[in-house]
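Below, chain A partners chain B and then partners chain C, in two separate complexes.
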Partner chain A sequence: MSDREGQATAVATAVRLTGDGPLEPLAQPQGPGGDHPAADVAPVRVVSRRFRRQRWGMFMFILPALVVYLVMVILPSLQSLQLSLTDWDGVNSSYDYIGLRNYEEILGSGRFWNAVRNTLLLGLGSAVIINVISLVVALLLDKLNRGQGFFRTIVYLPALVSGFIAATIWKYMLNFNFGSVNTLLRDLGLGDLAQDWLGDSDLVVGVLLFIVCFTLGGNTTLIYLANLQSVPQELVEAAKIDGASNAKVFRFVTWPMLAGAVTVNMTLAVIAGWTIFDQVMVLTSGGPGFVSETMAFFIYKVGFGEYRAGYGSAAAIVLFIVVIVSTVLANRYMRKREIQA
Partner chain B sequence: MTYAMVRPSSRGVGAEQPTARGARRKAGIGLAMTAIAALALTGCASGGAETEAAEKTTIRFTYATGDETWNGVVEGVVDAFNEQSDTATVQLDPLPAGSDYATAVKTMDATGNWPALIDMRDTLTYINAGKLAPIPESVTSLLDENVYGESSDGNVYVVPTTALNGEIGINIVYDKAYFKKHKLEVPETYDDFIDLMEEIKSNGDVPLATAAGEVWPSDQLWKPLAAPVFAEWSDEDGFWNAVQAGEASIADLKAPLEELKRITDTYVLQGWQSTADAQTTTLLVNGQAVMATSSAGLGRLLDVNKVDPDFEAGLFIIPDEDGDINVLKNAVNGDTASGIAISSQAAEDEKEYQAAVDFLEFYFSVDTANLIEELGMIAPNIAEADKVKRNTSIPGAEDFFALLENPNLTWYSNEPKLATFSSFNTFFRQTRIEMQDGQTTIDQAIEKAQAEYEKIAAAG
Partner chain C sequence: MSTQSTKAQRPASRSSIRKAERVRLGRGEVVSMVVLAVLVIVVSFPVVYALLNSFRNYAEITRDPMGLPTSFRFDNYVRLFQDTQYGEALWNTLVITVGTIVLLIALVPMAAYGIERIGGRTSRFIYILFIAGLMIPFQVRMIPLVSAMDDVGLYSTLTSVILVHLGGAASFGVLLYCSFIKGVPTEVEEAAHMDGAGRLRTFWTIVFPMLMPVTSAFIIIQALGLWNDFFIPLVFLDSSSAGTINVALSRMMGLLTSQWELIYTGAILAIVPSVIIFAAFQRYFIKGMSIGAVKG
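Moving on, here comes the complex of A and B:
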């Protein structure tokens, strides 16, 4: 039985056991009366009608949200596809169709590929770093006997601050001339270590990676912590009775039980990384030059700042494809791991 | 309150004395009645104010915030207008420092939320899109006829916010006390300027602070260096139009680009890549650099004075090799023209449009010009300029006014006809910063900028 079949069976069983819900009559025993088909067909029709009515009721509940989502998200997204084939400047009501020229230009642009490289670095890099650090922090928090609430709050606090605000604070702290980081280094006699953190083209992407990890780590830690606390203690104790060391307990018991959390956290972190924008906007504006532009920032810059909405839409379509393909592939890999677990 | 005071006396002599509890209850009722009466009166009062406000047409004025002086001027003029106007109220709608102008305006456009008055940039783009309304003659007649221009349809869409002295505001602000102490002179030629920086450097000090954290201030050092090349094309329709026509190319800017790189590497204070424009004032006043680039002219002098009233600031413009001071004339039309415009959306409502026109008529009056001068900026070039009392009290202002009288001052034109020039301009700034930072060579920067210009010109 596959895991999906197993899930379906479990759901059906749960519904039957509770005795309410649309599948309830299916639980009627099929005994000797099974040779009276007319007696069985009538209730099934009634159930079918009731189920359809309930489904319509449920659909009506989600309809307002669905309409808003379609109008505000799906339709503009589809319109982006159309606009990506035009030379629209984003202001004038008229534009011309130019075929695939925007796509050709994007794929031949060094600036675009630099943005792709940065996005991959920030997306994958932050996903891996955040997950490793968050898992370590979650393990430490899980072992704490005192002050759990305090330390959890400390760890989660950066996640409560918006990316924009956090980036603004970091901008002040990392300012070359007046920032607290360089001032502290100079006061400690370590002036040689003072850097132009946001202006040095060799450092700036690494600094962005650090800040992104710092901001996004809270949620990831929380998810790991919740999963750690749901690991069955009897399994852990059984492993320990069998003589497993702490490392082996983690490797063979805890880690497999966290597979679902890893999938969720990695997916969320990669998507957040693909769409990094506010930190770049506030801290570097993509500079110095173009060196720290990400795909999301590139789309914004050309679409809004440079009045090339058609070109920006084409870049957005490319970003969408990158995100969907990478997320599906990553999920497929991690799901396989979950099944093995 | 009246009830509470009158009520006890109505009991008269011999009336039964109230119990303490009853007195408290009555006092409570009295207070409640008083509160109701007060609220009713307040309601009447505010209702009256609302009625009065309703008679006035309220319009928004969206403007890009800048240095403290400019922000103060806008607030001062709007307050003065609101105080004297019986028909209109102007509400300020500032775009905060660091916000992206193009995005902000496009968002207003997309949401149909145009202000009546807007501090306009990328002008041609919005004129072509039909987003601006013509400015009537009652406004333009108040101005010097050289500071506004008719668009191709014969209408005027933008009028200047401040004095159109071209890019004379792009200059070097320096520490006069340091110059006196080390017997340094304001440079008269480009070589003098390099010698000056060399001498400051030999004193163990940093010659120049500049900023590129916001991209646009990178023009402050670049433009004076490129001005001699631009000036050569002034009589031939300008450099950028020559590039568009294929008569010139970005490669013609190789010499100034080399100078830009040399100055950046040799004389500029470290950290310029992430330094914001406003920080250069602090760097100068703190003595971290002896000179700083600026594009705010008198405004920067006023800012320096606010930060440190004892600081002796002066300013000059980097001259060319022959000693000429090449300064770009303002564009009064085209994509680089800037100033105040009235939106088409406001023009759909007669009252809003009239309120916007009233404000502009007020803005270009002699009294307002005097107010602008008092607040630290040079007033727009109005027709009655001879009646304006110039503000020479800002320390260093004499240098600015002397520049306007300098016999070596050479005005040049370089107004691009390309409607999407601003797209290229942003790209070119970033390309230059990339080159200054050493990420690309000068030749690579030229090649990249040329390719981008051709692409934008072909599309535009």
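Moving on, here comes the complex of A and C:
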């Protein structure tokens, strides 16, 4: 852009550069959050002022990504808000505005509240269970002196199987007649326990929860492990010398030090949990009836399967509000806990 | 395996303490290993089961669901490519994964760099706008996007899937890159700039190589996510396209007479690339996760 200006003042910077510390950007990958780096702190000189003025040309750097993001995320989200006020069927080009009727219908719909209940059960339930599993696995890994790398790798391997593929395999394992689960039960003489796992309204949500949680955590485990390894060993030793049991060391030393990791992991897990879809689509298609629908599945089904795009959009907006509120509340609650710790 | 680096990062005092306790910890360690091994075996059971059944035919599977394969024939693997659209779906998945990642790397690091270096209120606003996307579930933008793609004639093309993925991944990318670029000092760039390199060249030749740790983590996370995605291709690809592997599998499951042996085979083949990606980049992967993790 403005190379000529640059050359003119090259001498000035050369002096300054030699004066400044070592240039090792990779040595500190995560700078302190919040404030903006070096440039603002450095003494203002002619050079850096000019340099900064050119910064406005850098909007061209942001523009392409920003345009894609606005067109693919922000715009359609706003359009959803608009469509949620209409009776659009998703196919015809014309529709009428019907005010808040979609929202009234949703809030009065037993099917929707059932989807909300399932989403809470599956989303929150799996978030808690997966976090507990991950923490236990991370604690076990942290105990190892030898072979930790090997075990960390094999513990991560199950996470390479996507929720979709896992659900696909389970779908056939849980088949009533020819599934391996029921066959195994019958072979063991426990034929009475054989169930129509995915066809029984009382069981199906529990089975879904089980399959979602049938994991060793993968990334969640890695995050806990990284945090466990950054707990200062001196604190643990000091507590032990003072006579604390292992359980007490965990409760009063390790656990508070993990607060940040818990916040990150729970937030990520809950956000993922609100949009559980693959397992429901593969295993039950929301059935039997509407028993095992989640909010994500409900929106998909209503919007595309039942040609009620306006109604589906309203449900999507409700989901959005739930996600925002729960994320903000969870973060606020957990951050507070962190400070106390 | 990156045991070495993790050990090196630990404070020295810790390893010496560990050494002293080795005798006492011995038993706990063995118990940990056994418990971990058992957990891994239990959790991998479905995959092993599918793998074994990918070598059996339909009659064998239904006659004795818990039986073992009598021989390791690859009939199912051959049939999967001959009788179904799996091959085409595999190709589509590859195009979507690679295409999205290339475009993400072309756009996101640059945008994050711009946001960090411009500074001030405007770029703060743009940053927050991007980050807000993390809280917008795909379902919220799904319905308008489908009709918009239909309007511009992109519906049921791989392009539509790539574009939708781009928007979704941009938020996470900006978050990741911005937090990293914050720690990169500006002096190097200023020097390059003074030496006559333009802004764009400075970025790609000086700054971008310094972002490699983030880039590798970002690519791996996205590659796994894109390869395994089901919902977006399900919504944007209709039957005029072979779909992605997951969509193809879900169509095979929807048939009245689903061929279990082929579905098991397809499921196994879908996992293989994930394992390859992981095996190839494992070190970067675990390091990348840890970078994001300790920051909190």
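Throughout what follows, the second predicted complex is superposed on the first by the 272 of 341 C-alpha atoms of A that agree within 3 Å, B and C clash if a C-alpha of one lies under 4 Å from a C-alpha of the other, contacts with A are read in each partner's own complex, and residues count from 1 in each chain.
Following the convention adopted for this analysis, contacts are C-beta pairs under 8 Å (C-beta built on N, C-alpha and C of every residue); 3 or more make two chains touch, one makes a residue touch a chain.
These figures come from a predicted structure and were not determined experimentally.
Engineer: So, A:M58: does it touch chain B (first), chain C (second), both, or neither?
Structural biologist: So A:M58 only meets chain C here.
Engineer: If we overlay the two complexes on their shared chain A, which of chain B and chain C does A:S245 touch? Say first, second, both or neither.
Structural biologist: It touches nothing on chain B or chain C.
Engineer: Output check: A:F304 vs chain B and chain C. Expected answer is one of first, second, both, neither. What do you get?
Structural biologist: Both: A:F304 reaches chain B and chain C.
Engineer: After the superposition on A, what does A:G90 contact: first (chain B), second (chain C), both or neither?
Structural biologist: both
Engineer: Return the chain, chain B or chain C, that is in touch with more residues of chain A.
Structural biologist: Touching more residues of chain A than the other partner does is C.
Engineer: Just to be sure I read the superposition right, which of the two partners does A:A166 touch: chain B = first, chain C = second, or both, or neither?
Structural biologist: Only chain C is touched by A:A166; chain B is not.
Engineer: So in the superposed three-chain picture, is A:L198 touching just chain B, just chain C, both, or none of them (first/second/both/neither)?
Structural biologist: first
Engineer: Touching A:Q229 in the superposition: chain B (first), chain C (second), both, neither?
Structural biologist: After superposition on chain A, A:Q229 lies in contact with chain C alone.
Engineer: Considering only the contact definition stated at the top, list the common interface residues of chain A for chain B and chain C.
Structural biologist: 90, 177-178, 300, 304
Engineer: Could you please specify the touching residues of chain C with respect to chain A in the complex?
Structural biologist: By the definition above, chain C touches chain A via 1-4, 6, 9-11, 13-14, 17-18, 22, 25, 28-29, 32-33, 35-37, 39-40, 43-44, 46-47, 49-50, 61-62, 64-66, 107-108, 110-111, 113-119, 123, 126, 129-130, 133-148, 163-164, 166-168, 170-171, 174, 179-180, 182-188, 190-191, 193-200, 203, 210, 213-214, 224, 227-228, 230-231, 234-235, 246, 249-250, 253, 260, 263-264, 267, 270-271, 274-275, 278, 282, 286, 289-296.
Engineer: Once bound in the complex, which stretches of chain B touch chain A?
Structural biologist: Touching chain A from chain B are residues 100, 102-103, 106, 109, 122, 125-126, 128-131, 212-215, 269-275, 279, 282-283, 288, 420, 422-423, 426-427, 430-431, 433-435, 437-440, 455, 459.
Engineer: Taking the touch rule as given, give the residues of chain A at its contact with chain B in the complex, in rising order.
Structural biologist: Going by the criterion above, the answer is residues 87, 89-93, 105, 175-178, 196-201, 284-291, 300, 304-308.
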